[in-house]
Each structure stands twice: as C-alpha cells, then as structure tokens.
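Each chain gets a letter, A, B and C, in the order it is written, and its residues are counted from 1.
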C-alpha cells in the first residue's frame, strides 16, 4: 500500500503545466503545521480522482489538483505560501 | 494505419493500452469501461482504525444525535446487496457484493427537516449527498465485500456505499452522516468534481 | 538556472535510434531528439502514448544519459502487468517515434560543479537517475568522491553492471557497493540482503558534513534507506529522495 505514495517529483510535469516554471525545488509552507519543504519532498497521491499533495511532516493536505479536458482545479489552501523563482 | 489522430495529433504505432471493454451495455454508464479487478484509489495514507474506539454517528440537524459503537453497530440488522459501482476515473465494476446496514435502518425514528448531508470519514474526507439519495434503499454502511471483511485499502473496516452515484461518494473509512439544511461541497466537490455525480448523466465535473 | 530549456515544456518527438538490453527485463532506449534543450543529471521526461482511438497514457521516466551524451537515453524496466513499459520494451522499434516532454525536475538534480562527496543509494530501476549523475561525473574534471550503494534482486538483474565496474576501476574516487536481495551467487563478494543499519554504516560516510545524498527507487526502499541515514545522523532535509511507484508501469 505504501507504494501508492510518491513524492513531488512525480508531478513535476503537471506543476510545470500549471505554474509554467520548474516547481520541484519550490518551497511550500504548510498551512497546518508551518513546515517548509521543497515540493520534491512532499507526499503525492496520484491514484485518486485527482492529485492530492500532503505535508511530509504532518500529512495534512497541501494541494489538490484535478485536471480534465484542458481545465484545472487547483486548491492551494493547505499551502500558506509557495516560494519559487524563474530558475 | 494512421500516423496522426484527428484531435490528438501523433499516434504511437502499435500502442493499444489496457484493453478497455467499452462495449455498450444497459448496465454501463456513458464513458465507462468494465474491469474485473478492483482498483484502489487513495487520497492519503490508510487510516489505522481501532475498533474499540470506533463509532458511527448521525449528527447535525437532529434532535438527539445517534451513535453506535462497533459492537452496537454489528448488532443492527444487516443485509447483503449486489450492486454495480462506477468510478469517476471511468472504471465500472459489475455485481459487487456488500454486507452492511442500510442507512434506512440507521435513520429509523429520526425526524429532520434537513435536505442535505455530509458523509464524513477518518482523515478528514467528506462528501456531500442529498438526504433523499441516501434513504429509500439507496445507501448502506458496509463492512464486508465479496463475503470477506472489508480490506483497509478498500475502506475497511467500514465504508459508505451509495452505488447510484459515482464511487467517490462511497466514502471509505466512514464515521458518520451529518444532516444539514444547506449543501456543503465535500473534499472533491469543492475542487472540480460535480456536486451530485450521476454516472448516467455523466456528471463528473463542475458544469457537467 | 534550475533547469535549462524553454519556459513552457511542450511535447516533442524523439526517434528511437538504438535499443540496448541491460538485463532480462530492462532495456535502454536511445533517442534522437532534435529539439531537445539539454538536461541536468537526475531530471526526468514525461512520455505520452496515444492509441488509434485517441486513448492516451502518460508516464515519467528518469533520463539515463549524461547531459554530455549525444542521444537522450531512457532505461526502462518492463512490468508484465504494466500499460506503458511493455510497449516501450517490447513493441517500440528502431525508427519509431515517441512523444516526450522535458526535462523536468529541479530538486533531484546533481550539477557536478560542487566538490562535495556524492552519496547515491538506488533500488532496482531507481539507479537510473543516479547513473545519469555518475555518467555526468565521468566528464567532470575535478571529481568529487562518490559512493553508490545499489540494491538489486539477483545478479542478472543488476542494471549497468559492467559499466559500473568500468567506471569504478578507472576512477579510485568512485566506489560501488552492490547488494542482492534474492540470491547468493557463488563467488559473490557483495552484500546479500536488504539494506540495513550495518550495511549503511559500512558504506556511507560517517558524518553528513557537506555530503550530497540522492536516494531513488520504490517508495518502501527509499523510506527505509532515508530512515537509516537519518538514524545515523544525516539531516533529513539533505537526503534527496525520488520515489518510483507502481504507477501502472
């Protein structure tokens, strides 16, 4: 069952589509516990109706991403702040 | 053999993908294909449930909230039902057999003006379903699948089952039903997925 | 720059130029991709397959080739119940085109400019991005000392075995440690068990001072290895991880 859990590297392409820049090195601050982690380190569950990203420290939801037919629904309420650069 | 697909563009020579049985059938909603395995979809870690502490409750717009311990729950009249289930990710599984307690049994004697419900689970998962869609022999709280105790990866020990709607509404690791006067979008409904979710009208996303 | 290349990564076509079988289940695929912008060791590409009826499947694969290599290489393990890997390893022929996009990744990358020691821990096909790093390292003039701890099922399953031998023989700064989890071949001098505390203590640098660490493989392997390093005193945030899952193959 643990094999279902991946990390932010697995959604590198998806995040690039959404943010248009490389995001796996971006730092996200968890709105629940305040932990700051590079997105490459966060927990990712892909096998769901959408993608659920969770904090590696407290397991609360950082992001939810649903993509269908050219539309995206992105919930970032679990991420207080996202820090990233152009590269 | 085409090199390009009219809408998609490039076509990969010789790629067929998993064979998807999309033969149309009165039992298969539009856009679905039938599977014989039971795919596991997960939005988070599998909760470890301690049955000694487990309870199922009906709360919210109700004079006296109801609560059952595992022992009390297992003492309720149970039934075995066979249903087809349809996941929004397009797989359908026919003739699945479940054992559990009908929501009608749980709602016996409950008086409420509430029209809506939120079905909630361990680990913060929620889904919204109109009260009319979980009563009248339409929903169950189940603990056995295919004659065996429900496996944790499929929502065990106890999950919700409301097969006439897309399967994300059949909340895994269910802990209760909250009766509400207003509709509150759940975990997926607040992020793109349809508030109602009727597979026969292919209501997958917002605006469908 | 975190990664080279255009701002928007778009799908492009690579042409399969060569297939090299590495082990019974694993093959390397070498592509000519004229629009390829270049990459950093550790990055991956997304691959997209489209069937006649429009059905599509996408998967990510780590780039096996070094940034210096002429062709873009993937090393793919064929999973029998997979959807994409049996196509890549089995159906795809030299001359066929493959839709891909990339390079993707800014966290699990090793540029090689640093002279900090490099610690690599790989399980099965998790060795692929680590191999890109070692291949890149072979081009770097001032080489940082490097150690690879590589877990495989059996001797026949060890991907890149000969090349790793060659690289470590030619360069005293690279040490490769193998462990086999399902076999104890006659004459084998490597480890024969799952990675554990004792093995990690013998292989890795004792202190984490300024060591670059990359761990890659199945989720359970990565978490076991990372925990062992943390228990030894490695800073969890300095242990970079990439989990390969059973995402369908």
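Basically, a residue touches a chain if its C-beta (ideal position, glycine included) is under 8 Å from a C-beta of that chain, and two chains touch if they have at least 3 such contacts.
What you see is a predicted model, and the numbers here were worked out from it, not measured in a lab.
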Task: Return the chain label for which the distance between chain Cα mean and whole-protein Cα mean is smallest.
output: A
Query: Does A-C or B-C have the larger number of C-beta pairs in contact?
result: A-C
Query: Between chain A and chain C, what is the separation of their C-alpha centroids in Å?
result: 23
Chain B and chain C: spacing of chain centres that average the CA atoms, whole Å: 39
- request: Identify all positions of chain A at which a residue touches two or more other chains, and write them in rising order.
  value: 4-5, 47
Query: Quick one: in the complex, what on chain C touches chain B?
result: 11, 13, 49-52, 54-57, 83, 87, 91-92, 96-99
- prompt: What part of chain C is in contact with chain A in the complex they form?
  reply: 1-3, 7-9, 44, 46, 58, 60, 101-102, 104-108, 218-220, 223, 237, 240-247
- prompt: In the complex formed with chain C, which residues of chain B make contact?
  reply: 1-2, 5, 7-18, 20
Message: Per the contact definition, I'd like the list of chain A residues that touch chain C in the complex.
response: 2-10, 12-13, 16, 20-26, 38-41, 46-47, 85, 87
Query: What residues on chain B touch chain A, complex-wise?
result: 39-46, 87-89, 124, 152-153, 168, 187-188, 190-193, 204-206
